[in-house]
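Take a look at these structures.
Paired with chain B in one complex and with chain C in the other, chain A is shared by the two complexes that follow.
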Partner chain A sequence: MSNIIYMDNAATTKVATEVLNEMLPYFTEQYGNPSSIYSLGSSAAKAVSTAREQIALSLNAKSTEIYFTAGGTESDNWAIKGTAEAYQDKGKHIITSAIEHHGILKTFAYLAETGYSVSYIPVDEAGIIKIDELEKAIRPETILISVCFANNEIGTIQPIREIGELARKNGIIFHSDAVQAFGQIPIDVDEYMIDMLSISAHKIHGPKGVGGLYIRTGIKIKPFIHGGSQERGRRAGTGNVPGIVGFGKACALAMANLPEKSRKLISLRDYLIEQINGEIPHCRLNGDSERRLPNNVNFSFRFIEGESLLIMLDMKGIAASSGSACTSGSLDPSHVLLAIGLPHEIAHGSLRLTLSMENTREEIDAVVKAVKEIVLKLRNMSPLYEDYINKK
Partner chain B sequence: MYTEKVMDHISNPRNSGEIENASGVGTVGNAKCGDIMRIYLDVDENQIIRDCKFKTFGCGAAIATSSIATEMVIGKTIHDAIKVTNKAVLDALDGLPEVKVHCSLLAEEAIHAALWDYAEKNGIVIEGLKKPQTDISEHEHE
Partner chain C sequence: MNKNKKVVVGMSGGVDSSVAAFLLKKAGYDVIGVTMQIWQDGQQTADNGGCCGLKAADDARRVAEALDIPYYVMNFKDEFKKNVIDYFVAEYLCGRTPNPCIACNRYVKWDSLLNRSLSIGADYIATGHYARVRTTEHGRLAVSKSATAAKDQTYALYNLTQYQLGHTLMPIGDYAKEEVRQIAVAENLPVADKPDSQEICFIPDDDYAKFIAQTAETSGLKLPPQGNFVTKDGEVLGVHKGITHYTVGQRKGLMLSMGRRVFVTEIRPGTDEVVLGESEDVFSSSLKCNQLNFMGMADLKAPRNVVAKVRYAHQGGEAVIERIGEDKILCTFMNPVRAITPGQAAVFYDGDYVLGGGTIM
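So, the complex of A and B:
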């Protein structure tokens, strides 16, 4: 697998060597339970506390406001269900956007089944939430707004500060799923007026199975797991110490020279966009060209379907992702691509390439060459393309 | 996820392309669901399928089923060709993942649609052949 070109970093990332080295002692040497009184336990507790501080620092939060979870989806579930339940006396209206991750959307759908009223705010063609519609949706009984910091498919960065202001002004809790944004762009929970924020380790070269939830001091939330006093009694169960240590280290690495790394990624990203635009006809960039995560590229290629493109890329050793129905296991293509107004057949032909600092220009050239060849091959096989050419 | 045979047909699709002045053409599926298959038939005076080509917009399974279906009907009479069922296509590919089985159905329907077109053009009846239900208009997707 050494020759693989990995451009699916929004799906997951490779654990950094420094992260792995930091974690290893906590499996076989420092294996104590952080709740135990003896020194083996307290050194594990100290390591967890260091990780908590590393993450708090990166968000401009207090370490007592950081809770470790088993991942981004758990954080999303807990934030939404935990506050919806805690604030139900105030009201049962909750708001989110049309392009959230399923960890959010399905949790909202679950609450809708149990008697909450849900508003889904539409987005424009770039995937940016319509703030005026959000403002109109607010009612006296609205208790929660949840909007992703940046979208996982098309990379669009939301006007988080404006949403935060709106929520704060109306006394509504504001949660943001920052799983994709965290470690790529600066996040300051005070500046953005965020009350809860979901993050995940494996998207930033940390291990899988570890996430975090920032909960602002004073926010009421029901415990997610009942049991011991871990995570201030709100999420019981012995923590994943090696994973948490790895998360802390990954966070510290991501935050070091963040602006410089962002600039480098943006230049790689824009080079990739430019090359695809220049080399392959009948394509469109999905998402916004400016308000976009530094590592995200998402194109639709007309007349072809995404899964066959992915399989043929895989045959050439290239790992990528698509919003086609065939990759989602349903008949509909990605809800995000439909929400930004793409017709079904164009949404089926989407390709997401997400970069990391390890990708090079040479890899980008190889990927563009491969995509160009495969798109041409698939178009020559496509009845839609045949009809298009015949009509011309 | 896919068998070796499926992967082989995806990497080297057989008989993809068009047939000019085809004896019969059938198009099934729709772009909305992400699958369109078009089958071209060249049928000789003895009602034997001399050539068959396909055009497919769809996932890997859709490409593989179209590809193998063309191989399975070439050389057959039009009456035998309707016996190329989705089950036969599935078996020939050593199976498909559960969520992709509808692709093999599409291949059967595309062949039937092309045979129907041939039968209509020639004013003949092929026993057991029903009018295709999922035939889409050529321009629906634009």
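So, the complex of A and C:
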């Protein structure tokens, strides 16, 4: 698979060489179970605790507040179900936004089926949650607010501190899914008044199958996976030691020179946005231009179907996406794009390009050229475009 | 000559479409495998959704990997809902018995899939149907029966246009079912065993009436009320559950004890009556159809002898067709035919190819 241009880093990233090298000994030489008493096990335990410290440091949390899971979606499920159950005596009202990842939305839907009352807070056209609506939705029996730190499709960064303040003031637990934001922008759980935070390794050049949940000291949460007393009795199951080691390393790498890397990514991102805006008519940038993840670009192109665009990009060796892919790999109109007010047919014609530090300007030029050609070709075959031209 | 011709093959992971993809690749086409996603949100058809379920996508992907061809799942949920499911329910609510496969072929496979395939640069779409596309002596394109007499899938394809046929390949139409199986074995294709069913893919439990009731409710449509079973002379025989529960020719499930076998001979949506009669009352010697499509014949100006089929499993009967209106054909059979059912298609053949057809009125 040479000559691939990979611009789907919000879906997953390549494991960094340094991360892989750090992980390798824990498959072979250091294969002990961290719960064992002999020294082979304790060196694994030590590696896990180093990783825990690396992650805690990056969030300004204590290492005892970091729990390893099998990924961001498990973290989301655990945070929400575990606190909803633990605090149900206080109330059964929970709040989230309309543009969450499915890991959140489907968990809320599940709780709604089991007797919880759920409020979905709308967002504005840039995808920013309406704080006044959030405030209005709060009731005495509200126990949990969960809002994504930054959206996975359109990259919009939420006013997390304001939400945290609102939650704290009202004695409500605040959870944030930071799977996309973590490692790209600084996150300080104290400053933002976050009580629980979901993160994932494979979005930051770490391995797949490892995630984490930050749980503030004092927050009650029911275990999600029952069994042994790993993770301080809260998440059973022998830890994925090589994965956790990789996660810690990936986190440390991401945090090193973060401001400088952000600046570089933002300049690549803005160049890509500028090129598309300049080269392709009838397009719109989805999401906010300022409050946006450094690596996220999301455009809608009128008169075309995103599915055809992505298939044709793939044929040219360009890996892109149109937002969240469903099980089969086929595309539904994005609930996020519908929530920011895009009509159904435009939500169908969207393209998400997400960058990493490995992408170059040359690659961006090649992608813009390909997108331009394909969009032109698809429009030439589109009855909607023909109608539009005839009306003009 | 097929070099650089691009073809999208609709794949289910079953033996027929997998061998179709293999044959096209062998013939030098640039082959792309596609599974159409048509199953609806929350629908529990993942395991057995016929040609297009979630399992079909898994199975087809495996075959595409074995054939080393690119593979995609394309989303046609909205198109399928509108053109097939909603149509199916609306027809039943009007007392007719629709054929959803015909609607799926005409409006989903050979409209949405064809257009999206052409848009990504394909020249043709191909399927694993047991049928062939041929050119008649008058230069028309028509589907014709496959090499296998036992397998004939032309009935549900009568509604395709000349443009659609011009972009269609049906590579397994030249083979017998057994040969197709042998090719799959010889080539070691990881095909999934799929039941050869003609059931309706979006109603896995075959309870049509329940499905119609549920869909009508979510769409805010009114379900026909209970009504009377009557004789053709109007004598009331009992109460029925609503016309969506019945189809012409039906004998079982009437929940009436008449002391003799009775059959549904007619459904009268206006009065919500279901007419019952004797076995011979189910036979008729003519039908009218509309929503015509001309395939092997460009038009019908003078009466013409044909063989006509009135449902998928019908062997076909000799008949004369004549135009009795702009969009209306009268078809008169030599021998009476059982259970001619409004909503099903009447398909006319000249020898092994389809001349055209219409919807039975």
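Heads up, the rule we're going with is that the second predicted complex is superposed on the first by the 382 of 392 C-alpha atoms of A that agree within 3 Å, B and C clash if a C-alpha of one lies under 4 Å from a C-alpha of the other, contacts with A are read in each partner's own complex, and residues count from 1 in each chain.
Throughout what follows, contacts are C-beta pairs under 8 Å (C-beta built on N, C-alpha and C of every residue); 3 or more make two chains touch, one makes a residue touch a chain.
Quick caveat: nothing in here was measured; it's all calculated off a predicted structure.
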item: Touched partner set for A:345, first chain B, second chain C, both or neither; value: first
item: Touching partner for A:307 - first (chain B), second (chain C), both, neither; value: both
item: Contacts of A:52 with chain B and chain C, given as first, second, both or neither; value: neither
item: Partner chain(s) touched by A:315 [first = chain B, second = chain C, both, neither]; value: both
item: Comparing the two partners chain B and chain C, which touches a greater set of residues in chain A; value: B
item: Which superposed partner A:387 touches (first chain B, second chain C, both, neither); value: first
item: Where chain A meets both chain C and chain B, residue numbers; value: 305, 307-308, 311-312, 315, 329, 331, 381-382
item: Touching residues (chain side chain A, partner chain B) in the complex; value: 303-305, 307-308, 311-312, 315, 324-326, 329, 331, 333, 344-345, 348, 380-388, 391
item: Interface residues, chain B side, partner chain A - complex; value: 2, 7, 10-11, 13, 16-18, 27, 31-38, 54-63, 99-100, 138-139, 141-142
item: Residues of chain C touching chain A in the complex; value: 35, 37, 54, 57, 70, 72-75, 77, 115-116, 118-121
item: Chain A residues within the chain C interface of the complex; value: 305, 307-308, 311-312, 314-315, 327-332, 377-378, 381-382
